[in-house]
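Below: one structure, written as structure tokens.
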Amino acid sequence: MIINAKRYDKNEPSVEFVERKGKGHPDTVCDNLSEKLSVALSNYYIKKTGKILHHNVDKAILVGGQSRAWFGGGEVLEPIYIMLVGRAISRLGDEVVPIGTMALKVVKDELRKTFRYLDPESHVVVDYRIKQGSVDLVGNFNSENEIPLSNDTSFGVGFYPFTDTERLVLEAENYLNSERGKSEFPSVGEDIKVMGFRNEKKVTLTVAAAMISSLLKDSREYLEIKDQVIGKLSELASKVTELDVQIKLNNADNASKGIYYLTVTGTSAESGDDGQVGRGNRANGLITPLRPMTLEATAGKNPISHTGKLYTILSQRIAQKVVEENKKISSASVYMLSQIGKPITDPQSVYVEAVSDMSTEAVKEYSQSIVKEVLEKAPQTWQDILEGRVQLY
Amino acid sequence: MIINAKRYDKNEPSVEFVERKGKGHPDTVCDNLSEKLSVALSNYYIKKTGKILHHNVDKAILVGGQSRAWFGGGEVLEPIYIMLVGRAISRLGDEVVPIGTMALKVVKDELRKTFRYLDPESHVVVDYRIKQGSVDLVGNFNSENEIPLSNDTSFGVGFYPFTDTERLVLEAENYLNSERGKSEFPSVGEDIKVMGFRNEKKVTLTVAAAMISSLLKDSREYLEIKDQVIGKLSELASKVTELDVQIKLNNADNASKGIYYLTVTGTSAESGDDGQVGRGNRANGLITPLRPMTLEATAGKNPISHTGKLYTILSQRIAQKVVEENKKISSASVYMLSQIGKPITDPQSVYVEAVSDMSTEAVKEYSQSIVKEVLEKAPQTWQDILEGRVQLY
Amino acid sequence: MIINAKRYDKNEPSVEFVERKGKGHPDTVCDNLSEKLSVALSNYYIKKTGKILHHNVDKAILVGGQSRAWFGGGEVLEPIYIMLVGRAISRLGDEVVPIGTMALKVVKDELRKTFRYLDPESHVVVDYRIKQGSVDLVGNFNSENEIPLSNDTSFGVGFYPFTDTERLVLEAENYLNSERGKSEFPSVGEDIKVMGFRNEKKVTLTVAAAMISSLLKDSREYLEIKDQVIGKLSELASKVTELDVQIKLNNADNASKGIYYLTVTGTSAESGDDGQVGRGNRANGLITPLRPMTLEATAGKNPISHTGKLYTILSQRIAQKVVEENKKISSASVYMLSQIGKPITDPQSVYVEAVSDMSTEAVKEYSQSIVKEVLEKAPQTWQDILEGRVQLY
Amino acid sequence: MIINAKRYDKNEPSVEFVERKGKGHPDTVCDNLSEKLSVALSNYYIKKTGKILHHNVDKAILVGGQSRAWFGGGEVLEPIYIMLVGRAISRLGDEVVPIGTMALKVVKDELRKTFRYLDPESHVVVDYRIKQGSVDLVGNFNSENEIPLSNDTSFGVGFYPFTDTERLVLEAENYLNSERGKSEFPSVGEDIKVMGFRNEKKVTLTVAAAMISSLLKDSREYLEIKDQVIGKLSELASKVTELDVQIKLNNADNASKGIYYLTVTGTSAESGDDGQVGRGNRANGLITPLRPMTLEATAGKNPISHTGKLYTILSQRIAQKVVEENKKISSASVYMLSQIGKPITDPQSVYVEAVSDMSTEAVKEYSQSIVKEVLEKAPQTWQDILEGRVQLY
């Protein structure tokens, strides 16, 4: 393992772009279904064998349906189609693992948890194509090593702390999709996309929220709710940041043409928006092109040996620890690279970038102990994942 | 349009992680199929109506098959499954657009172009679920504006120039998948993944190349070819860079266990590796977690109004121009943000980061003219895309 | 229209083969789903336009799942897959007909009505491929004729009355799948196949009934229930016929090898038995190779113009009327042939075979009036179909 | 085994309905694909293990596409979709049987053999869902018995000889789809449906033949070809029978409305006609509602133990032998019923109906020896099936 570090002067970009695809967005839905299938499989394997067996269900596709929404009502004309894809150990000795039944159950349950107005039975076709894992990887996986071996050469990337804009984007969606948000604004659906654009001290928050057509009797009510939501988000913004924040909601609306963002179910998936795993939020919940990001999807990967998933979590933890435990460091980015076949506690490289007054040498030395500390606990990370204590999308 | 810029001191990270998934990798295959379907649709629309109509076929899923490869032979036991997904205008007046036939033809043709040993007829199941585009977007799309309107609020990100490590990763794969590479090493398949890791002055290039089992009579020949490929790549490396480059090829091989990276068809998709659009290379052909990246998949998006695609290209062009036309600027990153419903020539924000001795003000002023120049030609970008003059994955 | 007839002497075969696939058999499930989709579509079209529009959803496929059943429990390991197939008018002006949503709803509802222990959500994948009807047929269909035109050249076949063996087979299944049957024998599932074989005066009734594993604690209880069911069916037989009836239940059981006909859900579809429309019972509810049969599936065909469906019903009606209204005729078979493009009231041929003392001439003359009478009411037959007053499978 | 027989007076119906769905009809295409997959599997199993292992691939569905045909050209707008369904032994020890690859290859090869103008690559989506056979049946199947055991309680039905009308229908299609027919009338496609209706001495032969649009430059040529085909068929008819035969070809054509039966590919499947296995011709190649028929599909069933397939063939053989070897018998129908778990040479019942001057007793006695003779060779029937010496659809 090579541990490197570098110090940087604080020299923040004058501009920020930050996006979050809310829990009802087609891409996030795919992330969530894949991840929850991985959790279900993991729990099943543990129950049956005492350990988590190989699986990698990190692909899924959602084909948008067709719908017609109008003030006061609406109908889904053509269902959404979802297919879960991946590999998993499908036999334990003579016993068949009920992957298909599990997949269907996970999808139906999660769609019910995610949406209030989507009926998984008549609005969604669910299929799956999940195959037996490849023999080599299975080999690695079942080995007697106490410490699992990396199943691929993959990246992990994390940074800490969030900027105001980042927190704002995350919290805006979280609020609107929270229990409280739903009780205050029931007509705001779950497919909420928030785009934050900061230019120097000014932030524009562009929110696209699929509204529930059956709960809005006319355009007047729609526009009133919009105003109220904007008010509420402005209030929230003033608590999060001192920046000057402007809120735009459903900006593509065009009252003169009768165009409003109405949906029957609360998601744009009902009318043609497609989705996939790993095309939306990074593990910290955001898309941040001016910040380090990895392309690895975390959702659906096994939590034992897939370093594309684990190192994403670990690099965030390292970054956070590096900053929180040392007042001389104001922010940090961490990059990790695994090596296929080596223990997950032994990455090929860990690189820490810190904004600090310290020297590069000092940062490096200081970081090393934190890296080691975090890596030591890496083999237990799966527990946090299974119990949902880690954000992944 | 807000154009911002910032100058930075040269302060390169001591570490680099760079990856490329070659043309035969399941993710890249999905990218290519989606993009080529977009090109086919675009050409069809042009032929029929004189212009490119709305489509967005930027989703696809590949479910890996099952195979058995041995030295001297092998067979595909279970075919690969591919589904193309998206939306497209499916009627021109009374005339139906033959999207399905087109999709099948594109897939078969492209698989034949990509692979020498994969038989699209017996090794692949091809399906598609492509729907009529949503009415609103279609509305925007068909408007009489000369300049198309952005169909979403999306990012574009680009940088210039490549580092040595980046060029090395790209060229290694390009060479092995070139006509010359194939004639020198016919047994090297098309699914080639290259991972470059630079630590200070030392680069480790880890190459995973699916070997064609039928062309290798035994492990001795396999190992000989490996040595030759490593030799050739070292030679290539010495031309690209003065860094110290170590090449590792098929590092997971384990001769004592009889494990070699053998495939029947030249791609890991034959035995369980799944793929999706937008999960692999960025538009410049690389995955670079220490460099700015966007999550937007470019493949399959329409080349007229989808700024997730266009701005990715334009930001690269701006970065290149900014550097190439000014000796005081050694490298640049460009970030763009579109605004739904506004002309594509009028982004919400363009932000230029330049490593330069110039002042931020000077960089900004200088960049502005280049940004405007590039944006002016934005409405013609589709031509470069259709004629394949732009790298997209 | 040519109406022919012929008298025959009573000369019954010394042997009978009669089969019924119960409501939970995979083929019958397909029949039922297709037919109920046709009914749903018909009702929708009527509600929207006042008339039934063209559709033909008379194909479906069921791919059996995988399950594990044991005394006291069981689980579905791999779901059943069902795909509905056909054509239907999918647009009324600008309005899209919600065929897909309707198809999903019909399948889920009907599976719930058919089975007590099958969970449509986690035990079944439901998909559909239903296309817009062909233009020609649509043309015929929408014409202003009061009397619909035949949409094909098809057969209809019917006979009357049932023999004792036929009634016995039908009633045995009907009883076991009746509310009373289920309350008396809750552990008898819905997939019940009855085969009647009469040799002279002796009938062997072979019943295969999928038993519900969770309701049977051990083989002893299983065998007790079997005895009770056999007793009950013998009782029923003695009411239906004076023939000597022997009952065999789940004859493939083999206690010494521990083989019993156990299912989790009540249908063999859970463990690999596949199904299709039109592969099981004829419209009278039976399969009778020694009696006239047509290959036309009735299920899923539109009830207005599809003579493959209508003439099957009408020929049965004619046969029944011919026999019931004339004491000199003890049994009759009726064959009808339509002509594409001609009114459904004007078949190409109607042929009546009657077992009678009357002359062929007399039978013909007598039959003609009945044929005409029945045909006159043909254009109203759809009402009986929609309201479920006609047996179709 | 109970062998029964009965003599009847010759008392032929005054009417006949006889249909044949030609080799390019969607139902026949499904039959052929399923059967050829069974043959491919059988040959594979033999090659690997010396014997045919359990499989039952007797379900398939074809979803019609969409096309536009015009004189001189045409295009397939939406491909045909085909899914093969069933069960088969998928592992021989550690070795996986390449069922999927085999299925794709069979479909592509057979479509090429069946059609001249259908391109399996761009006109057809091919999928399959074939599962591992159920354990019980596999048990029976692999037993050490020399004589296979019936895998179900099924019927077989056969009759001999054909009437003139029956031969006419069969030969009309056979001729038009023969090499010679295709060379004389290249523009006649492969989807040819022939319906024969005899009323006393008069036969109406209604032929629907999908014409190849690209080979016909205008309606004049189309009508000319029609006349020539009618002429040819009349000629053929006069060789087959002395009955008065009228030929109707593409009777739904309507020149004044510009309606002709044009197709791009030679099959109605291109524009919405769906298909399934077992919905068309019986094993003798015909649909004959006035003759004994079984509902069992023969196509796709394993040729070793599936009595639904075997007994259909055997009953035809018995009928033929009964007639051919005894001049006192002019025609015969044979019905067979198997018993699950019993040797295929020991049916539950064989019933022979003979039109004869002999007594019922004499017919019975005479038939018995033939039945036994034919049954003795039953275990070799699979060879005829594999080598294509038996008509099945």
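We call the chains A, B, C and D, going by the order they appear; numbering starts again at 1 in every chain.
Methods note: a contact is a pair of C-beta atoms (placed from the backbone, for glycine too) under 8 Å apart; a residue touches a chain by one contact, two chains touch by 3 or more.
Note that this is a predicted model, so its numbers are computed, not measured.
Can you list every chain that touches chain A and also touches chain C?
Of all the chains present, none is in contact with both chain A and chain C.
Measuring centre to centre with C-alpha atoms, which chain is farthest from chain D?
Farthest from chain D by mean C-alpha position: A.
So, what's the distance in Å between the C-alpha centres of chain C and chain B?
Centre separation, chain B to chain C: 55 Å.
Roughly how far is chain B from chain D, centre to centre by C-alpha average, rounded to an integer in Å?
Between these chains, centre-to-centre, one finds 50 Å.
How many angstrom lie between the CA centroids of chain A and chain B, rounded to a whole number?
The answer is 23 Å.
Hey, what residues on chain D touch two or more of the other chains?
Residues 66, 78, 81.
Considering only which chains touch which, how would you classify the arrangement: line, ring, star, complete or other?
ring
Which of the chains are touching one another, listed as pairs?
In this structure, the chains touch in these pairs: A-B, A-C, B-D, C-D.
Can you name the residues of chain A that touch chain B in the complex?
Counting only chain A, the residues touching chain B are 2, 4, 6, 8, 11, 13-15, 17, 19, 58-61, 63-64, 66, 78, 81, 83, 85-87, 129, 131-134, 136, 153, 155, 157, 195, 197, 199, 204, 206, 208, 251-252, 259, 271-280, 282, 287, 289-290, 292-295, 297, 335, 337, 340-341, 348-349, 351, 353.
Could you please specify the touching residues of chain C with respect to chain A in the complex?
Chain C residues touching chain A: 65-66, 68, 75-79, 81, 95-101, 104-105, 108, 120-128.
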